[in-house]
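Sharing a structure below in structure tokens format, with a few things to ask.
The chains carry the letters A, B, C and D, assigned in the order they are written, with residues numbered from 1 in each.
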Amino acid sequence: MARVRDGDTLAVGGCLFSRTPMALVRELLRQRRRGLTLARNLTCTEGEFLMAAGAVERIVTAWMSIGLPWGVSKIMRHYVESGAVALEEWSHLALGLRFRAGAMGVPFLPALTMLGSDLMAVGGTKTIQDPYTGETLAAVPALFPDVALLHVHRADRFGNCQIDGYRHMDADIASAAATVLVTAEELIPEEETRRHPDRTVIPGFLVDALVHVPFGSFPHECYGLYEADVDHFAEYTAAIDAAGPGAVADYLERYAYAPPTWADYLDLCGGERLARQARRARELTG
Amino acid sequence: MSGPFNASELLAVIASRQLRDDTTVFAGVGVPLLAAALAKQRHAPRLTMVIEGGIIGPEIAPGRLPISTNEMRAGRRAQMLPGITDAFLFAQRGFVDVGFMGGAQIDRYGNINTTAIGDYWKPKVRLPGTGGANDIASLCREIIIVTAHEKRRFVPRVDFVTSPGWLGGAGARRAAGLLFGGVSRVVTTLGILGFEPESRRMRVEAVHPGVTVQTIRDNTGFELDAAPVVETTEPPAADELALLRALDPERRFLG
Amino acid sequence: MARVRDGDTLAVGGCLFSRTPMALVRELLRQRRRGLTLARNLTCTEGEFLMAAGAVERIVTAWMSIGLPWGVSKIMRHYVESGAVALEEWSHLALGLRFRAGAMGVPFLPALTMLGSDLMAVGGTKTIQDPYTGETLAAVPALFPDVALLHVHRADRFGNCQIDGYRHMDADIASAAATVLVTAEELIPEEETRRHPDRTVIPGFLVDALVHVPFGSFPHECYGLYEADVDHFAEYTAAIDAAGPGAVADYLERYAYAPPTWADYLDLCGGERLARQARRARELTG
Amino acid sequence: MSGPFNASELLAVIASRQLRDDTTVFAGVGVPLLAAALAKQRHAPRLTMVIEGGIIGPEIAPGRLPISTNEMRAGRRAQMLPGITDAFLFAQRGFVDVGFMGGAQIDRYGNINTTAIGDYWKPKVRLPGTGGANDIASLCREIIIVTAHEKRRFVPRVDFVTSPGWLGGAGARRAAGLLFGGVSRVVTTLGILGFEPESRRMRVEAVHPGVTVQTIRDNTGFELDAAPVVETTEPPAADELALLRALDPERRFLG
């Protein structure tokens, strides 16, 4: 985490409350970083935490809230409507193509999305003419994050990473970013990687640091291993409904700053909750 | 006789009837996904759902409805999990027949705003944003919007065009570079709206039982023509309501 | 195969002598198609067969021969140097990006390859300026084949396809092509697809026709199932060395036209050879 | 004393010494792959090979050398199989340190022709083509060419630029749009050639034992300068030859 500097642009893997690198986000909060730009396709509680902690000045995303049942994020509205944090909106595909262009090492990718909409102006997306047909396309600019924060299912000591189920945009983010920090639910021997090479989605030569962190996305989900703890979200939003945006500071004190280790954090989340969410995941994907 | 039903149930049932078998549908979570799941169970068994989280061909479990597009529940028993970007690229290539979406604010040309009320950089109300809505509206072969019919939602001009309908009218999509697609229908709690082929302006094409064209006009923020023939929709049938209610026993989206 | 019309552009999956849809190529030969354009990244014996049968007038590829031990293809030289068949050369990545652009539904993709080389002129590749930095890039034009011929490991009745090991360019080819014809080593129940959805690489809605053909690439290899029969290649090339290009006609009579079914073809290849190559594959990947 | 060795063995051993540990190398089949495999076994255990067939980090089995870039033997015990296009894209993104390739015809600027002798559309001799050679030469951070030293191969101007070396000389790669890379060394059966930093013209930088600069000039089809200091290479050591011969017991590429 020392590799993250104030003012960096961070790309966060996963999507909304799926495979969010929560342990890395928690470290980021504990390091009290400032002036960060957060780039994530769909932004959830981790975005609210970074806003409330004053860590981010800009969020680059396609959508931000927690999930349908909780409506529009009160925290997002508070910080964006007050002008404290800039919310730079891209279509979901366009943001995916920004990471992919970065991963491919090209400055832009042509696309047929966002054309004609007001989203073109928000990010300053230019159009381009196809040199063969003259057709107009959106030239979606590459995004090269300073640091990528990712959480994966398995990795070996060389940093070769495997992801089950939803790939989200992690592989493109890893190739696009200058520095890649990864947490993994499980560390596997190199032999295991070589037994199933077609399961590897991020090659080791992209990874700068790797840490073994079981339940590293909790209370967000990790495909096949544990479902998101919506009760945890409900308690969090209820506190905000009752006490306003300030409630997030209390939450961060309780979950991010007070527990010295990730194990302490998980104890606080509740072992019974972890077990229940793991059981539900098996029911859904087993 | 199917007995009483609420507005969400009516919306979901009428919307589900818009989907044909052997097609692909890009469905957003909430009522659109419920409607697609109902269609698949009732009259479109080979309907392939594409979901934003990077999911193709899932079978949603009754009582296990997802609240997001990319959690395990959304991909239950899926046929393929290509990743988010590649799921959208299948639509860009032209493989998704129908885009099925909601809308916070909609104008006479079917343009949708889910970004902000007021100025973008100094919004009065900041909404969650496009997510994949802009992509679905830009890239699917046909768009069907599903929304509650309220005057504050149906405005002459949206504050911000998040998702393109017919933009400024006839020819505007093509001029902007969009190769196909466009909004065919807007299914609401009062009826079904379409677009006049020449001007691409919204018009009334069907009313739900007991609703008049005037009622729809009274609940719309802009002048609304009516199609030469205005149909009256069939009310939800008992089997439609039974299947629908079984999908959402917790009334998470049916209210 | 009735879906292939004279003059069509065909994209063939696999790569060189790996996962070549040989059963489909054999059908193509038996249908006596004419004026075809063959697009394949690395072209092997299947290209020689189509040249010798007079089926192709153009081959779009990055490389053509059988493999290092047999040097430059005498058949390729014979038909290309005589002007009978046009060989349109692209770099391997550029051809991959042509299929990917088609798969993405865009008319071109920007790339940093082929720039400054004489390959730019061969395919008429234009350059393009990045609208943000002004940098010059190659604008690699999309390729939208009329028909794609693919061989995969497993498929279900909806056409959902799974491939083990080398993906080659099959998934991009399937999305880029107007019509997709697939042979599969194994037909699996839909339940099997749904049990491992992250193994599916081609969605059923892309596939127009599917046939169950075990050993459908033989004598070429199919990852994990059977290694390429290089002895078969050696016999084939020895005949050409001895009798000249005409030897291919004899080979085609013997292997493509005479055996009425694929089972007869495999008998001709030799059951012992099939068993040996299957054993070698298990040794390498098991 | 290592005893006698043939030209191919000399070429493979000297080439293998060019590779450093903890790097990535895009290796073509034949002598380049043999040399990379030797380096990995001897002094670069963490060398990651990238192979054209869409293969990352394989461990080639002695006696099971691949004859193509995309058969099972080439990917034995690989760490990742990303597919062909994506393997090249890792190079385009700048993640491949060294491109290791052969060449049929090479000119004074290190440009390579593996396409055709004579006119492209009416060739005297049609060669197999680029395969991934152009991509490796365009996209890797550094290119090392490995080839037999014959006058007919070293020509003033290649008939066709299949793979870019320094193109027309200093600055030509950048002007064409190539962001990095270029040929650093040409390892041959007679010595090691480099390129004068200003003009990017080929020059002699080292000779193998018993070879003189004049011998190299006599076997080169264009005028060749010599570096200020011309080294003499260390002959293959016994352990290098032993490991190398164990990799290719069938003498498939060692002749």
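The working rule: a residue touches a chain if its C-beta (ideal position, glycine included) is under 8 Å from a C-beta of that chain, and two chains touch if they have at least 3 such contacts.
Just so it is clear, the model here is predicted, and its values are computed rather than measured.
Common partners of subunit B and subunit D, by the touch rule above, are A, C.
At the far end from subunit B, in terms of centres built from Cα atoms, lies D. By number of C-beta pairs in contact, C-D leads over the other of C-D and A-D. Centre-to-centre, using mean CA coordinates, subunit C is 28 Å away from subunit D. Rounded to whole angstrom units, the spacing between the C-alpha centres of subunit A and subunit C is 39. With touch defined as above, residues shared between interfaces to two or more other chains in subunit A number as follows: 105-106, 111-112, 127, 135, 137, 165, 167, 197-198. Residue positions 75, 81-82, 89, 92 of subunit B are each in touch with at least two other chains.
Taken as a contact graph, with one node per protein chain and an edge wherever two chains touch, the assembly fits none of the named shapes, being neither a line, a ring, a star nor a complete graph. Inter-chain contacts, as defined above, occur between A-B, A-C, A-D, B-C, C-D. On subunit A, the positions that touch subunit B within their shared complex are 15-18, 41-42, 61-65, 67-69, 72-73, 76-77, 80-81, 83, 86-87, 89-94, 96-97, 99-100, 111-119, 122, 127, 135-138, 165-169, 171-172, 221, 223-224, 227-228, 230, 281, 284-285. Residues of subunit C that touch subunit B in their complex: 103-106, 158, 160, 175, 190, 193-194, 197-198, 200, 203-206.
Across the complex, subunit B meets subunit C through its residues 24, 48, 56-57, 59, 75, 77-82, 89-90, 92-95. Across the interface of their complex, subunit A is touched by residues 105-112, 126-128, 130-133, 135, 137, 139, 141, 164-165, 167, 197-198 of subunit C.
Considering their complex, residues 29-30, 52-55, 61, 64, 67-73, 75-76, 81-85, 88-89, 92, 115, 120-135, 138-139, 160-164, 167, 172-173, 175-179, 252-253 of subunit D touch subunit C.
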